[in-house]
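Alright, structures below, take your time with them.
Two complexes, one shared chain (chain A), two partners (chain B, chain C).
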Partner chain A sequence: MTISQILFIVIALVVLGGGVMVVTARNLFHAALFLIVSFFGVTGLYVLLDAGFFAAAQFLVYIGAISILVIFAVMLTRGVQQAQPANSQWPAALITSVIVFVIMAIMLGPIAVTIGDRQFGNLSWPNIVEGQTVPAVPDDSLVRLGQSFVDFNQYGAAFLLTAVLILVAMVGAIWVARDRTLKDVMEERAELAAEEAQEAMLAGPAQPALPVGAAQVAEPTAEPAVRH
Partner chain B sequence: MLNGIPLYWFLLISAALFCIGLYGVLARKNAIAILMGVELMLNAVNINLLAFWRYVAPSSPAGLAFAAFIFVIAAAEAAIGLALMISVYRNTRSVDPDKLDSMKL
Partner chain C sequence: MAYSEFDPSQFLAIAPEIGLVLWALVILAVDMFSARRIARRTLGILAAAGMAAVLILSLLIAVPPAGVMPQIGSDPRSVLGGMIRHDLFAFVFRIIFILAGILTCLVSIDFRPARAGGEYYALLILATMAMGLMAASNDLIMLYLATEASSFALYLLAGFMRDTPRSAEAGIKYFVFGAVTSSIMLYGLALIFGLSGGQTHYGAVAQVLAGADTRMLAVLAMLLVIAGFAFKTSAVPFHFWTPDVYEGAPTPFVGFLSTASKAAGFAILMRFLVYVFEPPFSQASVVWVQLMQPLAILTMFLGNLLAITQSNIKRMLAYSSIAQAGYMLIGVTAFGFAYSRQSPEAAADAVAAVIFYAATYMLTNIAAFAVVSIVSQRVGSEQISAFNGLGRRAPYTALGMTAAMLSLLGAPPLVGFVGKLFLFRAAISDDLLLLVAIGVVNVLISVFYYLGIVRAMYVERSPDDEQPIRIPAATAWVVLVSSAAILFITVASMQFWSVALDAAKALLN
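Entry: the complex of A and B
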């Protein structure tokens, strides 16, 4: 067993253990912390795959930004911790997940499985155990990635679209999470209507020069009328 | 770095992480936990893309480009999803998706 294999197994345990704890932890805050553990393991997998840029991006985007966002959301929705973290259909969900995993493992795997007259599996993905070598990563792979993002024959259009997408997502997130509920909006409208009614009253011919204090006296009577 | 690791190991761990995320999405009672499950699934997809890039076509930028797009989509999804949850919590004092049925007929 090579050092890389041992490293891979350790990282795999971190990733999968963290993932299992994320979906089973009773305390939502602990789940968020285990999410960070799982992301950290995925960073290690990217390092093993010679994708250093993506390891750094994973570190900054997932561990640095998304986990903090999740923790903020957990803290802002405090007091909704249920005694039972899973809903009533969790056995069905567990069975579904296991079946999906088994199907994927067989379909992608090297072992041939025959169901009816069809054969699944038996795929020979590149495998470097027996002296085979995977092709080396060219030194300028990141340069090529950057060029493909600005080349409209490759991913230029998609790159621009993702820029628009993230802008829309940011503006949308701010708008959706703004600090006004429907009740606030209704109250604001009611106040505006009350003010307008007062102005109309003040502008009426009966009281040409009413002092400002009178308008404030009139306010409490207007408020309950629209609030019920 | 890949000394002796077959591609199948990466596919297996990716499939396992995806299924863990799937279980989280299907079984958790809290909408924020469901979003965490979605994040796990997106990570599994990214492992898959980068593994195939490394083993099959390391000279092409395609695998890296798709992985980068997934990063952007994951960030947008997290921002929008969590903003929605905070808004829902403010209005209903609950983030239980079973209770959010006011649009049901």
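Entry: the complex of A and C
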């Protein structure tokens, strides 16, 4: 076993252990802290893969920003801090995830399993030849990454779409989070009244007298709009 | 490394999308700088007008050239670094999405509970934009980003009435299910990325996959990706979100969700499967060709049988939309079989049938939801009984609703019949007689619930029979235009069919 293999196992244990603790911790605040441990392990994986930029981005964005955001969210929503980590569906979830894990392990793992005349596992990946060393990451990889984002012959279009994606998320986040002020409610009511008046005018004065049941049915049309 | 030469005329391939993004920003700006009371109605009309302008402009300048056979290995249609394929297939789907967007904007104006403002219309336009990119995407990265961009907007619109518990529930449910299936799909895409040695363009991926001894893993990756597509098209077994989300979401938006989003799902499904797992060259393709048939059968039966038991009109139409996805899957099945036996004409027929059906289903279902949105507001109930006596209370609207129901059912003079005919014909030419028989049985089952609405409108009586329901002008126009189109397309079906056929050939060239 080489040193990098040992390091990989240690880091993988950190990632997986952190992940397990996130979903089993009773205290939501602790779960958020274990999330940081797991993110830290992922940073280590990027370092092992010689992907320095992604390691830095993972460190800054996930550990630095997203974890803090999660912790803030946990602290600001008191009611859920002591939530039950499991519900009645956990046995089904456990069985499903074990099945998926076994399938994945067989398909991706080094052991060849033969069922019928088909061989699963121990597959040869394209572009990887046994015994060949992986070529080193070129020095200008970061420059290339940056250029590929702004070059429309590479990933420029996808990069632009990412910007639109974030715009959608931001518009939506503002809409979901914004509080309705008293002024909004007053405005909405005035608007509604104006619409109703206009409608009554359009319907004309020659409306037949409503039967008793109709008033009850007709009333709720205005109700839902006022309530929210 | 220097920048490579770039020809700016390639931007024509995404001209409709550029226009839509700009228009969404205009809508947001107008909303910000104008008084809210004036803004709401005007914004809806402005959004619809802008989308119509984008549609007309792109019909004038951005229609992809038809009929050129590209050389193998270099695809001249593939532009912007291979991210986008500039072909008629994508363009026809864009027309479907933009038309759906326009009609939905007009219906939303008079849907009071949503109080649709600038955010609503901007999100609707951006969702339309992302669907256009979905249909055009020719690259795993573009596929995922476009799918996510449209999904984000759809999640938000489903939960737009955030103070109404049911709408908020619909938004959250759609978001959670969507996030899970999207991560499943992303896992499949990542496996394909690894299997192909780091390629993302469909063509390059297909070349590596066809030559590599990675069959079972490729099948697994393909199934994971298909799960994501099945969620978008609400095919069984990824249909479970549909009734809850349709019930809670703003009604005019459901018309958009059930048609445009479903059509986008079918666009990416067909393009991805035939480009990446091209039968018969890709070994893994056998699986998807065989899988589509049981998927179609299950989806049709589940949708139709459960629709009968519904008393809420929006839930009923949700199950009906699942069943309609099943009918379209018949076309995809026929497409797979035809392509496997290397018969390009039959394959193009099947793809064209799906396109034709998706387009007509869009018109029909948006008309139906327009009527539902106005009737449920006026009567104050979303039960089917709210339609009692509509034939006397709003005769023209009831006529439009009848046309929509009969077209969804597939009754002869209406366009739904022509669409089903094309789908069944494609299946028959591939000897899928059992599938066609099951399709016909399902059409018969659906008679129960579609005619149930018609019966409620004309036979049942309501206590308010004497009191007419006033239909707002914008909604009335939408119902009028789409039900007129339901009739007109039948008459001119061969013209529309030839456009769909050209689009299908553009996909396969």
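In the analysis below, the second predicted complex is superposed on the first by the 166 of 228 C-alpha atoms of A that agree within 3 Å, B and C clash if a C-alpha of one lies under 4 Å from a C-alpha of the other, contacts with A are read in each partner's own complex, and residues count from 1 in each chain.
Note that in this section a residue touches a chain if its C-beta (ideal position, glycine included) is under 8 Å from a C-beta of that chain, and two chains touch if they have at least 3 such contacts.
The shown structure was predicted, so the numbers you read here are calculated from the model rather than taken from an experiment.
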Please tell me which partner, chain B or chain C, touches more residues of chain A. B
With both complexes overlaid on chain A, does A:Arg26 touch chain B (first), chain C (second), both or neither? neither
Of the two partner chains, chain B (first) and chain C (second), which one does A:Leu108 touch, if any: first, second, both, or neither? both
Which partner does A:Leu202 reach: the first (chain B), the second (chain C), both, or neither? second
Just chain B (first), just chain C (second), both, or neither: which does A:Phe8 touch? first
Could you look at A:Gly156 and tell me whether it touches chain B, chain C, both or neither (first, second, both, neither)? second
If you stack the two complexes on chain A, which partner ends up touching A:Arg144: first (chain B), second (chain C), both, or neither? both
Classify the contacts of A:Val164 with the two partner chains as first (chain B alone), second (chain C alone), both, or neither. second
Contacts for A:Ala190 in the overlay, against chain B (first) and chain C (second): which applies, first, second, both or neither? second
Check the residue A:Val176 against both partner chains and state whether it touches chain B (first), chain C (second), both, or neither. both
Which residues form the common part of the chain A surface touched by chain B and by chain C? 108, 125-128, 144, 147, 154-155, 158, 162, 165, 168-169, 172, 174, 176
Which residues, counting only chain B, touch chain A once they are in their complex? 1-13, 15-24, 26-30, 32-33, 35-37, 39-40, 43, 46-47, 50-51, 53-56, 58-62, 64-65, 67-69, 71-80, 82-87, 89-91, 93-96, 98
Touching residues on chain A, where the partner in the complex is chain C: 103, 107-108, 118-120, 123-128, 140, 143-144, 147, 151-158, 161-162, 164-165, 167-169, 171-172, 174-176, 180, 187-188, 190-192, 194-195, 199, 202-203, 207-208, 210-211, 213-214, 217-221, 223-225, 227-228
Which chain A residues qualify as touching chain B in the complex? 1-5, 8, 12, 15-16, 19-20, 22-23, 28, 31-32, 35, 38-39, 42, 45-51, 53-54, 57-58, 61-62, 65-66, 69-70, 72-74, 76-77, 80, 82, 84-87, 89-90, 92-94, 96-98, 100-101, 104-105, 108-110, 125-129, 134-138, 141-142, 144-145, 147-149, 154-155, 158, 162, 165-166, 168-170, 172-174, 176-177, 181-182
Contact footprint of chain A on chain C as seen in their complex: 1, 3-6, 10, 14, 21, 28, 36-37, 40, 80-81, 83-84, 112-113, 115, 119, 122-123, 126, 129-130, 133, 139, 141-142, 145-146, 148-149, 152-153, 155-156, 159-164, 194-198, 208, 211-214, 216-217, 220, 377-381, 463-464, 466-467, 470
